[in-house]
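Paired with subunit B in one complex and with subunit C in the other, subunit A is shared by the two complexes that follow.
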Partner chain A sequence: MQVTVKLFANFRNNRFNKEIRTIAPDITVGAIVTELAIKKEEVGVILINGRHGSLDQGLTEGDTLSLFPLIGGG
Partner chain B sequence: MDDSVKETIEFLQKNADDGLLPFSVQQEAGQRFSLHIAEVEEVALGHDLLPARYQRNRSMISIQQQLSLVRSKVAVFGCGGLGGYIIEELARLGVGRITVVDPDVFEEHNLNRQLLCTQELLGKKKVDAAAQRLAAINPAVRLQAFDAAFGQGNSAELLKGVTVAADALDSIPVRLELAKACKDQNIPLVHGAIAGWSGHVAVQYPGENILQHLYAGEKTGHGVEKRLGNPSFTPAAIASLEVAEIVKILLNTDPLLPRRYLAVDLYHMEFTEVFFPDGDM
Partner chain C sequence: MADKIYRVNMSDLTSTIEDVPESWAGLGGRGLTSTIVAEEVPPTCESLGKHNKLVFAPGLLTGTIAANSGRLSVGSKSPLTGGIKESNSGGTAAQFFARLGIKALIIEGKPEKDVLYCLHVKKDGVEISEVPDLKGKGNFDTVNAILAKHEGKTGVISIGPAGEMKMCVSNISVRDPDGKIRSAGRGGLGAVMGSKNVKCIAIDPAESSAVEINDPEAFKAAAKVFAKALVDHPVSGQGLPTYGTAVLVNIINEAGGLPTRNFSSGQFEGAEKISGETMLELMEERGGKNRHGCHPGCVIRCSQVYNDADKKYLTSGFEYESIWAMGADCCVDNLDQIAEADRLMDDIGIDTIETSVTFGVAMEGGLLPFGDGAGILKMIKDDIGMGTPLGRLLGSGAGSVGKAYGVTRVPVVKNQAIPAYDPRAVKGIGITYATSTMGADHTAGYAVTANVLNVGGSVDPLKKEGQVELSRNLQIATAAVDTAGLCIFVAFAALDIPEAFSAIVDMLNARFGLSLTADDVNTLGMSILKTERSFNLAAGMTNKDDRLPEFFSEEPLPPHNVVWDFTGEEIDAFWDF
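Here is the complex of A and B:
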């Protein structure tokens, strides 16, 4: 199945801004993060179709996943 | 009305220039009637006189609103990258009471971005630098400085009488503690954080817990800033966005960032607004 993945801020470096990806039907957000070589501890806000999501959540056909880095500096 | 107040008003009115009060007059009134500069400011604003320093604000901030600012108290947690700019902007706006909280001294690696950090202040306390800067900019600001780290033990004291709290911390667990304390005490919290070219801003209004959502997956105590560092312009940009939200809360305008967070990417020059629906909070 196909989902749209949007990356934000430094996650775009050497990757992409937005990409339609073909994934296995039972794949979780965490597995996509791993596939993208993003460290899980660096993931901040996760949105699935604009709503708050989590790493262990699954995706369905046509979903849009947005990943923002965890930012905590002052 | 008290005779001395009456005399103060007469003195200010006589020496004002077309509704504007020069600082020299404000200062003289303070000496003559034994009032703090902030008290003179309150009397002036209460009688439709605007301290001249605020004249370029007056089409955005009315005299009545300026009076609200001088009667407000903002606590700034952290006097580093974000905090330095927040303190500076609040003082120039004429927020009457500012509390600053930071346990650290300046180190060389602060010089690339922290407004309060200068060569000669290396090794000196950040809260002392904040006090000097505030006194140099606007003597109408009454400062409370705490050379301490925020924690459960001092949260009640640090948040006492605070209208709005500003999160300029650099530790995610401490940010979450501050968010909890503000929630418990019904104090709006304006939150900002930075890493490299990016940052974000959010407001936690009483009854909400947006920081819990922003940092739901947090495990290590810090974010990508540990790896990316922070340049000079990111704290300036994010701190200014925080202050814009603080001012609107102090002036009781419509809340513009409820259940929202604004992700800012200065490299791609993108501002992304994320809305957390009611049911998600």
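Here is the complex of A and C:
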């Protein structure tokens, strides 16, 4: 199945901003993070379709996964 | 030598140096400005009249080696909200005040004569002189005029033409270490300074000395722990220095909470173009610079130098809030236009949040089409800057413009424009907007941390559970941080790293020879909030002023299609402490 993966801040370095990826149906967010060679402890915020998610969560066809390091401002 | 209170009476153009009353001794920054305003300003007074006062105070840790401790609090009764106001800023002034032993500078009264004045603050007192030639001058020219007369390090606090015209959107500018300016932005404090005919304050750092530290070794040890925590935390150590505060554009947009098109959607199509990531790329291409501090001793350095396409300096201190307000809220996706507006607004001396939210409302009313960045730039310059009748209207803020154009979607609380997080999709910050004594102010209790950013725990932004408590805890802690003179961005580390919070308490104790506990600091925060609220109630506000505008409850916000669903009773529970 296909999902959209969006990366932000320094996660973009040497990777991509946005990519449509084909993944196995039972794959978790954590597995995608590993596939992208991002250290799990560096993942600050996971959004799935704009809602907060977790590393052990699965995805469904057409989901948008957004990955951020810990960031802030204001 | 003990710190003193410097008091300037603009009615008879005299000044005095006074001992610090015992009840003010343990206070600084916001705690002190709010206490002085509450004690000395009649709550029902005309904010632009002779009974209002303008108070400047460095924080309790300002002037020391503590990282990020150089904030200047400015307090008064706000002409925008009609309530108490504290707005704080970076720049060099606070550290100069602290090192001159000036615990607070109070400006009171109102001159008979229609001429502008400069206050020259020195160790031995304040000289008041007429500066008629600065009439109508922008902040940058004003800073240069002062530097032409005084030595290069002189601290400068000034207002632009908007403050002289007593506009509710006007701010107070503070010179930064590079000669650019930072602002005490919110609540129309520039108008209060203008009402007293004070165009500028020049602070002479000569005869300043190191602030007294009761236990220097203990202070040094705690300051080291504190600075290390700031550098170690990913938000203050990496994200902010690299991308600036605009790093938030994309995440708030992805979370569906970026107020767009005058608060009618939570996502902006052009978000990527105005994001921190894009800003960094442009700065790298154009020879700009990230990692720029707003005051000496800042280890976070979230500011930057942003150049135009010809690699010429355009602006610095280019903040998320400013970018969001003219960007998403007015649908302008051109970062260069926003940067140009940022510089113009700094020069004219107007709050970027209040001004751009005002334009969003005016666009809804049909004054300009959404997305018309060039139109906004022209009106800022030719109307607000020149004080045309339209400029005066725009300069009175989002609430007034909403009324003038018959707009019902007017995002204000206590008449102050709501900043860059939609309260329907980030409910914790909605509680802060509703209950803050300052009017809608994200910095008063930044619940975006736990709601969106996973800092200091996590509380689902789309649900009501836990939001009142979250906002209350943050508002109490923030009042204390503002009293210490610390930058609010130290909170990211202080919320996540226990040693960072203890280090703040340890530094306060070592500086003053106290034995405060974390509970004492909490109690201090609570008492400041209560002092401020009592002032607002005495000024005529009620719990009904702690409410968000009706449209937030009526209009579902895309993409999550959520509404603001707190009852009045639930909001009022905020004050149960």
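One rule holds in what follows: the second predicted complex is superposed on the first by the 70 of 74 C-alpha atoms of A that agree within 3 Å, B and C clash if a C-alpha of one lies under 4 Å from a C-alpha of the other, contacts with A are read in each partner's own complex, and residues count from 1 in each chain.
Following the convention adopted for this analysis, a residue touches a chain if its C-beta (ideal position, glycine included) is under 8 Å from a C-beta of that chain, and two chains touch if they have at least 3 such contacts.
Since we're looking at a predicted model, the values are computed, not measured.
Of the two partner chains placed by the overlay, only subunit B lies in contact with A:Leu55; subunit C stays clear of it.
Using the contact criterion defined above for the overlaid structures, shared-chain residue A:Phe68 touches subunit B and also reaches subunit C. Applying the stated contact rule after C-alpha superposition, one finds that A:Asn10 touches each of subunit B and subunit C.
Of the two partner chains, neither subunit B nor subunit C is touched by A:Gln2. Contacts of A:Glu41 after superposition on the shared chain: subunit B is touched, whereas subunit C is not.
Residues 8-10, 12, 17, 42, 44-45, 47, 50-52, 68-74 of subunit A lie in contact with subunit B in one complex and with subunit C in the other.
Listing the residues of subunit A that touch subunit B in their complex gives 8-10, 12, 17, 40-47, 50-52, 54-55, 68-74. Of all residues in subunit A, those touching subunit C in their complex are 6, 8-10, 12, 17, 42, 44-45, 47, 50-52, 66, 68-74.
Touching subunit A in their complex are the following residues of subunit B: 78, 80-83, 167-172, 175, 192-200, 213-226, 228, 230, 235, 261, 263, 265, 267-268, 270, 272, 274-277, 280.
Those residues of subunit C lying in contact with subunit A across their complex are 233-236, 238-240, 242-248, 250-251, 254-256, 272, 276-277, 302, 319-321, 442-443, 446, 448-449, 452-455, 458, 460-462, 488-489, 492, 559-560.
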